[in-house]
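Below is one structure. I have some questions about it.
Per-chain residue numbering starts at 1, and chain names A, B, C and D are given in the order in which the chains are listed.
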Amino acid sequence: MSSIDLRGIFPPITTPFIDGKVAYDKLAFNIEKWSKTGLRGFVVLGSNGEYVYLSPAEKRKTVETVAQNTPDGMVVIAGTGCESTDETIALTNDCASLGAHAALVITPHYYGGEMSETTLINHFTVVADNSAIPILLYSVPKFTHITVAAKVVAELSQHPNIIGIKESSGNVNLLGQYLNNMSDDFNVMIGTAGVLFGGLSIGCAGGVLALANLAPQKCVQIFDYVKQGRFDEAKTLQLKMIPVNNAVTATYGVPGLKAAMDMRGYFGGEPRLPLLPASDQIKSEIKAILQQAELLKEDANIINKEPINVRP
Amino acid sequence: MSSIDLRGIFPPITTPFIDGKVAYDKLAFNIEKWSKTGLRGFVVLGSNGEYVYLSPAEKRKTVETVAQNTPDGMVVIAGTGCESTDETIALTNDCASLGAHAALVITPHYYGGEMSETTLINHFTVVADNSAIPILLYSVPKFTHITVAAKVVAELSQHPNIIGIKESSGNVNLLGQYLNNMSDDFNVMIGTAGVLFGGLSIGCAGGVLALANLAPQKCVQIFDYVKQGRFDEAKTLQLKMIPVNNAVTATYGVPGLKAAMDMRGYFGGEPRLPLLPASDQIKSEIKAILQQAELLKEDANIINKEPINVRP
Amino acid sequence: MSSIDLRGIFPPITTPFIDGKVAYDKLAFNIEKWSKTGLRGFVVLGSNGEYVYLSPAEKRKTVETVAQNTPDGMVVIAGTGCESTDETIALTNDCASLGAHAALVITPHYYGGEMSETTLINHFTVVADNSAIPILLYSVPKFTHITVAAKVVAELSQHPNIIGIKESSGNVNLLGQYLNNMSDDFNVMIGTAGVLFGGLSIGCAGGVLALANLAPQKCVQIFDYVKQGRFDEAKTLQLKMIPVNNAVTATYGVPGLKAAMDMRGYFGGEPRLPLLPASDQIKSEIKAILQQAELLKEDANIINKEPINVRP
Amino acid sequence: MSSIDLRGIFPPITTPFIDGKVAYDKLAFNIEKWSKTGLRGFVVLGSNGEYVYLSPAEKRKTVETVAQNTPDGMVVIAGTGCESTDETIALTNDCASLGAHAALVITPHYYGGEMSETTLINHFTVVADNSAIPILLYSVPKFTHITVAAKVVAELSQHPNIIGIKESSGNVNLLGQYLNNMSDDFNVMIGTAGVLFGGLSIGCAGGVLALANLAPQKCVQIFDYVKQGRFDEAKTLQLKMIPVNNAVTATYGVPGLKAAMDMRGYFGGEPRLPLLPASDQIKSEIKAILQQAELLKEDANIINKEPINVRP
């Protein structure tokens, strides 16, 4: 294991907007709430954080806000990957100085045809060589259309400043290949709650899960069940969470995730344009899915206690 | 559970050829050998059986040979899916009279753009309505480029003559969706050994695994470990089998699978044209992978005892 | 140019069914009607002929019917490609003896990952070596998910018994690569009417066009315009045909094509299961598209003169 | 036609780097050289301009440099598309004030699953409503994995501030659909030289062609031949340019394009990381392709006259 203990659950947190501007106070509100749920830490500026819609200045202030509001002992991982190698390094080191403990670096992907194994290995190596904090690789084929081959992960896992990978396709066979070929102190992080149990059972260190934005305790509970060998309970809870996870990822995307957070007492709010907010129809579908999974009833008092955010 | 108990491991058996003709005696030889390994039964005429290269007459005789050589208590499932609905029904009923207990029916796929949910549901319903034996759906997107949606499986699982699905993409999240929405007596069968543990742990009934052609005991062992709650041992063996499974499926295909079978004392032999046999280079790569997984050493006496098949 | 002159337009003819059986008389009816429209010949058992739904015996009788009803001077090309190399050869030679002048051989595709350049070149070479009639390669990525690289075509074009390729993706750049690298007597046939003018203008020999099933004169007219250097007229007619072509191919598939043929006085009829016939809604959309392209008005007398086929 | 006349050829110009910094003097050098070749204007900050690797400040200075060095009468189009709608508007208006005549706005694409027709129409409408200069849509599925449907283009073509689309897939059938459904003053620009003749012959206004970076006269010549009705000469030159175009786009990407520019007397130089420069092996392959197309011999004096750029 690396010096940073990644065993546990991280939400790739959403970025709250009010009137199109980052609502840093709402971000702090969410962080405080999430901090009481057993999460291992936070991933800020991930895909669910709409990082592609933030300006360089907003990125930095967002990371700073998260770092300042995160309790000691929890880990802050900043998504710092840019298309350009140099821009990635600069952002990573800025985030380091703002309080991030590690950086999540996405595969560059615009020129997909050029992203050979050699090019990817070179990019991540140069970034890791020049970064003040440890690096996690970030593979998310749904958005990048690039899958990171096991041999690339095997080679990069040898780098002392590369401590893990977040793999978001949910391909458990590929997770197994990573686990088979990595260095001992490397961490394979499951990137989708749909295969959390499946991934943990074969040795993944933890999960970076969109679902943990709205149901952190459930994700932590699956993690704990597996650690305790309570597999039947893990299985039952895993199956129960699958429809919720699909709703807030593949089916309804970030707008749906934010709508579900609102229903669960967090500040979700609207996405930035060009993303359109979830329609009333979609919201009622999400509500039904949450109720079916007993995610609206159990926390109902929380919803009542917190003032619902109002937008014009 | 359906009247046919599918809990366990099935190899989708290869079809042996000598000089381009089906070698029914070698098929019988393999069946006898596999029958002593704890397998639940056989899938004949699956993708690894090169069913697309067999004439209608060869298909029937192959199923008959398997049925006649399979010990009582083991289950014979015949791959009977054709592009045409009527041809599928005819082949299914012929295989039923030749001794098959159930039929595996692939999604029609040539006109992929036309295979809407309505069309698929109609096809499988008409086939099941008219089949003398129970039907399993067969989804293998790698070859068909068609993924069967959870709602299609949910609806078809209600049909009294449709008892399960073999899902070969290895998408554990999708397996979970199937499990969440199916009727009680429906069976979700894992279609690739790379996620055997992951699939079983969330409730799949068993596996139809190319790997079981050459390493049946290992697959059965993972199944038994999970049943017994010995998850650490399941995990270790699962990870050990992943490279072997990848070699005989994604990497080297049916020619590689057959070469690996030869190394393991089964009759593998050459595929039919247009498939080309594994080159010497590929064979030596496969050999190294088998040795790394301790699959050549442990059964070495078996290899020595059986006469190695000789081809001109 | 090869001994068979392929310069001109061929419809990949549909196979008529009545009550699920091949209606050979309706086939003969269509052939006679098409024969008066300036077409160069016919492609029978292509994708629009639902060849994957025909039994071996039906395939042979269908080819025989076409050959017997085709006037002298027109060319009959039979789709004889099967997944198996040997089965392809057998069907090709049977079709040759039944009167086909050439064979259209699709890329094998079930085991897509195995269809390397070497495998494809070997398959087509073995087929061509053993065929009594000349071979055309058939590349249709929409259905096969396989694209034939220019270097494969370049090499195969050297074979004395391979006289051309039908390329159905409509990728004009790829057509250009084929034209740049082929032997002198090789024919590049455009496989979709949407790029007929574009393909002819850079040197393709002709077209095998679904649209020619229902609008043969229009396709022939575009061909003639280009030959005569009347590019403005070619352009105008090409643009007018694009919506019709899209309707009877990508949008509504074979069921839509057959419905459009019925509207135009040919026998279209219903497809075979699992394909479902065009709904009334789709038929009225197709009708509107035909009217917009002036394809219902101009031939109205033809529709009135021919008795409309009646199905229960 | 819109107020800006787009009929002609535009290179999507590369961005020169020396020691990783934008070499604005080399950019000016290229612009001056290109300006004498009959080009209609320039597209700056397109995909071949590595716009994803430029900082906001570099983008602005690059556009300014191009605008200042472009002769009167030529058109400067700036690539201003960002993932965020608001950022796109801000960059567009800054580029307008720096001298750009129009803006090329790429489809947002990171959240591909969310880019519905509604979302795309809304994005482009908001951008066009708020832009000081006219907008061209930019569709490049190779990089974005998003294809813009004909009905989206039809609707957006009605917007008074949206004057065209650059379509880079080379799908001539799709170009035809755009042409069939657009408003009268809308311009369909061909985005790849491989189908320049095919696209122009059905009515496209012009081309934005990577090939025009290194062979502007050839591209202009094809345009002129078509305008003059000299189709045989257009065809011959089109076929001759296809291998060159494939080399500097699909096969070798931006690094190959820059290497080819160096060989042709322009300043190409190296790409930015993570892109790796073309290897010596690739350079010699490109050289052979240029010689085969007579692109090295014909302009040899130009190469000799201009001092070759030297890099350490």
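The rule we apply is simple: contacts are C-beta pairs under 8 Å (C-beta built on N, C-alpha and C of every residue); 3 or more make two chains touch, one makes a residue touch a chain.
As the structure is a prediction and not an experimental result, all values here were calculated from the model.
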Same or different residue numbers at the chain A/chain B copy interface, by half rule: same
Label of the chain whose CA centroid is most distant from the centroid of chain A: C
Separation of the C-alpha centres, chain B versus chain C, in whole Å, is 36
How many angstrom between the C-alpha centroids of chain C and chain A? 50
Do you know which chain B residues sit against two or more other chains? none
Taking chains as nodes and touches as edges, what kind of graph is this: line, ring, star, complete or other? ring
If you go through all the chains, which pairs of them touch? A-B, A-D, B-C, C-D
Can you list the residues on chain B that touch chain A in the complex? 170-173, 176-177, 179-180, 192, 194-195, 197-199, 201-203, 229, 231, 234-235, 238-239, 242-243, 245-246
Can you check the complex and tell me which residues of chain B touch chain C? 20, 47, 52-53, 55-56, 83-87, 108, 110-115, 118-120, 122-123, 126, 142-143, 145, 250, 253-255, 272-276
